[in-house]
Every structure is written in C-alpha cells, then in structure tokens.
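Before I ask anything, here is the structure I am working with.
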Amino acid sequence: MSTLHIFSKPISYYDNERLVNLIQQNDTVLLVGDACYSQKLYFQLCDKLLLLSDDAKARNIEIMQQNTAIDYEIFVAKTLSSSQSITW
Amino acid sequence: MSTLHIFSKPISYYDNERLVNLIQQNDTVLLVGDACYSQKLYFQLCDKLLLLSDDAKARNIEIMQQNTAIDYEIFVAKTLSSSQSITW
Amino acid sequence: MARFVLSLHCAPSDHDTTQRLFKFATTCLEQGHSVDTIFLYQQGVYHASEDINLATDELAIANLWQTLHQRGIKLMLCITAAEKRGLNIAATNLFTVAGLAEFAMLASEADKWVQFK
Amino acid sequence: MARFVLSLHCAPSDHDTTQRLFKFATTCLEQGHSVDTIFLYQQGVYHASEDINLATDELAIANLWQTLHQRGIKLMLCITAAEKRGLNIAATNLFTVAGLAEFAMLASEADKWVQFK
Amino acid sequence: MINVLVLSQHSPFDDMHIRDALDMTLIFAAIEQNISWLFTGPAVLALKENQNPESLGLKNYFKSIKTLEIYDVENIYVCEKSLLDYNLSKNDLIINAKPLNFKAQSQLISAQQQVVNL
Amino acid sequence: MINVLVLSQHSPFDDMHIRDALDMTLIFAAIEQNISWLFTGPAVLALKENQNPESLGLKNYFKSIKTLEIYDVENIYVCEKSLLDYNLSKNDLIINAKPLNFKAQSQLISAQQQVVNL
C-alpha cells in the first residue's frame, strides 16, 4: 500500500527538497487545481503523475503523454486504494 | 534612493531565485515577525540586514554581528527615507 | 462501501477549492459511499457566514452547500476556530456548530479523511 | 511631517501581524506624522467583524482598534472584498465601509503606503 | 499623478489574489494615476490564453483582464524568466504584455512612488 | 484505535497554524487515538526554547506544547534536516521530541490511517 499525495498549487509554493525526500517510489502524486500548471516541474517528485481532468481542461492544459488524466470517480477510488492521503 | 524590502516569514516561504535578482545592491532588507528566524539564510538576498528588535527578542533570536536591530522609530524612518517599500 | 469525512480549510474566497470539494463529495455519494461530515476548520469556518454576497457570474457557493445538505451530509464547523475568527456562531446557515472532539470521533470511525485546501 | 496610509491583508487570526501594524501606526503618530487611513483588504476585512471572541490571554485586538480609532485614525474596509468573503457589512464595529476608489485616492495623496500581511 | 505598481505573484485561482490585483489596477486607472501591473512567478499564468474557468462554475475574470486596454491600462509587464518557467511565449498571452528581465523589473520598481503586492 | 498523524509545516506565528495543530493533537489524545505530531520545515521553530510571545501581547502557546506529555502525547517528532536548517539541536527544544531523518518520516507516514496537514 502507498500514500496519495495531493497538490493544488504550482510546485514553487512548496519546499521541494523536503518533498522529494518524503515521497516514495510507489506513492501516487495527484495534481489538482493550479498544480496542473506545473506538471513538468512535478516530475522531480515522481515520474508518473495523475492530473484531475476537469481542473486541467479549465486551464487549457494538455496532459503530457507519460501522465494520466483522471475523473472524480478515480480520484475517490484512489483515496480508497491508498493507505493514506496527504493534502500538501 | 533605494527600495525597502520587508519580509515577515522564513525565507522558505518565498521564491528566492526571483528575489535575489530583484533586490539591488543599495536596497534595504528588513526582517520582521517570523522572518527573523532565518536571518542567516537571508544573506543570500542582501549582505546587511535589519531586524525588528521587538519581534526578534520575543523569538529569542540573537542578532548577528553584521546585522542591525531597529525599533519602530527607525522602521518608520526607513519607510520615509526609501523611495518605495515592498511587503513581500 | 466506505465512510468518508472531508474537511475544508480555506476561506470562501477560494472558489476553486470549493467546487472541487463539492464534486468530490457528490461523487462519493454517487459511488455508494457515505460522507459522514464535511467539517469547516481554520479559515474554512467563514463558509458558514450568512452574509456572503456574490454576483450571478460567480460560483454559486450557497447552492452547492444547499445540495450537499439536501443529500444528507452533515455540515459542521469548529466552534473554537469560529470564535477566534469572528464568525457569528448564532447564524451559521446550514452548518452545525460543533466541538473539535465531535469531529475527531467521526474522523476516527471513518475509513478516509480527505482535506481540501 | 509625512502622510501615511496603511493596509492590512491578513485575517484576524494572524495576531503577530496585527500587533505590528498597531505599533507601526502609533509610532507614526508619536513621530508627528499622520496616518490618513488604515484600510482592510483581502482577508483583512474580517477584522471588522463584531463577533471576534478571544480569551483574556490572547492579543486584545478589539482594544488595539479602539486605541487607533480614538487617536483619530480613519478605519476603513473594502466593501467588495467584504461582500465576497461574508462579512456582515451592516455591523462593522469602528470600521467604515468604503469603496476601493476612496482608498486609492487617499493612497495617491499619501507620501507612503505600507502594507501589513 | 503618481506612479503605482501592482505586483502579482500568486497562481490564477489561488484565492482571489489576481482578481484583487485587477480591481486595484482598474481603480488607480479610474482615478487617473499612472498605474502599472507586473506579473511574476505563477501569476503569469493568469495571462495564458484559452482558459475556461466557467467549466468549473468559476467566474471568467480573464475576460476583464482582456479589457484593460479599453480602460487605458497600458503598462502591463510580465517576468521574462517566469514565462520561460511555464513554457509561455509572448504570443500565448491574452493581452499585449511586455516581458521584462530582472534588471528591467528592478528599474520599474525604482520608478514607483507606491508598490502594492497583492 | 487508529493511528493519526498531525503534520506541521508553518512557522510559529504564521496565522494560527501551529495552534490549530496543537488543538487537533490534544483532541485525538483525549478520545484515545494513537496520535503523533511531526514538525517539519519552519514548524520546528515552535519547539525552540525561551521564546517570549507575551512581550508582543501574544498568547504563549508554547506553554501548552510543554504540557503535551501530561496528556499522554508522547509521539512528538521533528525533521532532523529542518533542525539543522535552523541551527537547533535536540537540547534546544522545549519538549522531548524525536529527530527523524527522511526515511523514518516516510515510515511514520506509512504507519498512519489518517494524516492531517494543518
């Protein structure tokens, strides 16, 4: 089981260095809201990202090939399949 | 004439890289509130810092030799002797 | 089917987070899960104000809370957080004033607690 | 002697910024300067709430505003910011409800505008 | 007439920061002061084209930004480095904003009587 | 009984973040859950000794942090790296908090049912 890390702001809002060290290989990183704008920079935290589809679309963000757009059903399902979630 | 830059939070709250480039040689950097905790790290922005004395004392912070403690009279005077102030 | 509690930590001026909380909560219900409470904490308590006055092209926050309430979700706010922040606790709309302990007990029984901020 | 305007941008739960604004404003007056207004903007508008309820070991915020008011400083708040955030603009304590233009004119005439947040 | 600079550093939907800055900019223009607006860091994203906040139920304040020129607000600036950070070019922006390097931003700041960071 | 972790990342007088986290920690202890509290980043400064907020008129909530042990809150953790960043050692802290490296922090997180970031 792994942790779901939820980010809602561009990565410059957070302390990357600590986060890089806290996020584990098998954890999931989900970008919602304004975090979607910096999907490229979030790669330093995790090499596979989920983006909340509605939020990305409203911001005219094309989801990069290696990333995955998810809807609210999957968002809810991910919180259940993770051992714990952290809203950063 | 120069700019007065006022910071109230530890430096990790800000985008250092942009600030380093925006603060000029002859500008003044004033640390108030929780910014006083990171006087050492603020040297990357400016090599001479002012700290608001009351705020530093309440936090049990010893002011480093190269920095200067100021009271509210000097705080007010500094806003007047600077061309403009920015509260970051 | 799982039991959720959700907490909201940002002021009503953060419309983006508000719409996300709404969609997450309604999706939980549509998937057959239960949402035992939505709890206002920190700046989130201001959502219970009866004086929010928004233009028609803004997010219809009042309608969102009305919908969540009608679907049976218990809307709660933290009394300590509210008193310190100046919310009128005698007029809190659809929200019930509660102690932190009441929420903590619901959170302890829930399968998942998801924060929105 | 100079003319100041000051603006406050954080919620009343930020006691540290509040005490700093108070000391700065009173020092301005003691130094013979004038403070043409203190203006509440963004989350600062919640300072005008009449329902802030703090224990006696907390910063006596109400007293600070009372003192500033008694010393003749015009306390103002932004109506647009207040309506969106749920402040009851019919009960704003010592603060006068004003449009942004009113403040902007004072700021344009002042020698210095200092923000607190 | 004084020079006033509004500084925006927050991302587009972070609370109402950009909208508060927009209101402030418009008001200073209305009372005929020499107003400038500088977007830096994630705030530059508020100028990105083809965004559609209505799909989330949110107000489309980008439309109001587009009308700034009508209100004679012509001094709109963006941080060149921040555009790069978010892969934006001048042509991806909804208004005609002037990209500034750090030195030019410092000069802009130095020319002001008041700087307000919202 | 479930494992709940309160996470603090804000500086001591940034709004009421640390105080909100303190309240949350005490409540979960009171209802007899297995509560832990992790201080990381500038939040570690809330554990620095000899601070005197009364001199600013502010409530001294550090006194309440000191009483955590009385309420059987024993799982207090600090980020080792953050202590270094602020030149603090374990002996400069007002309570007996366990310094954790990043790996141990990740393990702590993995052991929780709920993690709340305040």
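First chain written, first letter: the chains are A, B, C, D, E and F, and each begins at residue 1.
By definition in this document, a contact is a pair of C-beta atoms (placed from the backbone, for glycine too) under 8 Å apart; a residue touches a chain by one contact, two chains touch by 3 or more.
Remember, it's a predicted structure, so these values are computed and weren't measured experimentally.
J.: Going chain by chain, each one touching the next, work out the least steps from chain E to chain F.
T.: Between chain E and chain F, the shortest chain-hopping route counts 2.
J.: Which chains lie in contact with each of chain C and chain F?
T.: A, D
J.: Looking only at residue numbers at the chain C/chain D interface, is the share used by both copies over half or under half? Answer same or different.
T.: The interface is built from the same residue numbers on each side, given that over half of them are used by both copies.
J.: D-F versus D-E: which interface comes out with more C-beta contact pairs?
T.: D-E
J.: Rounded to the nearest whole Å, what is the centre-to-centre distance of chain A and chain C, using the mean of the C-alpha atoms as each centre?
T.: 23
J.: Just how far, in Å, is the C-alpha centre of chain D from the one of chain A?
T.: Chain A and chain D have C-alpha centres separated by 39 Å.
J.: From the C-alpha centre of chain B to that of chain E, how far is it in Å?
T.: Each chain's C-alpha centroid was found; their separation is 26 Å.
J.: Do you know which chain C residues sit against two or more other chains?
T.: Touching at least two other chains: 11, 13, 16, 42, 58, 84, 112, 115.
J.: Residue numbers in chain E touching 2 or more other chains?
T.: Only 13-16, 41, 56, 58, 114, 117 qualify.
J.: At which residue positions does chain A touch at least two other chains?
T.: 12, 15, 33-34, 54-55, 85, 87
J.: Can you give me every chain pair that touches, using the contact definition above?
T.: Here the touching pairs of chains are A-C, A-E, A-F, B-D, B-E, B-F, C-D, C-E, C-F, D-E, D-F.
J.: Hey, which residues of chain E end up touching chain A in the complex?
T.: 11-14, 41-42, 45, 48-53, 55-56, 58, 85-87
J.: So in the complex, which bits of chain E are touching chain B?
T.: Its residues touching chain B are 7, 9, 40-41, 79, 81-82, 102, 105-106, 109-110, 112-115, 117.
J.: Provide the residue numbers of chain A that touch chain C in the complex, in ascending order.
T.: 6, 8, 32-34, 52, 54-55, 72-73, 75-77, 79-80, 85, 87
J.: Considering only the defined contacts, which chain C positions touch chain A in the complex?
T.: Touching chain A: residues 2, 4, 16-17, 20, 23-24, 27-28, 31, 33, 111-112, 114-117 of chain C.
J.: Going by the contact rule at the top, pick out the chain B residues touching chain F in the complex.
T.: 9-10, 12-13, 33-34, 37-38, 40-41, 54-55, 57-60
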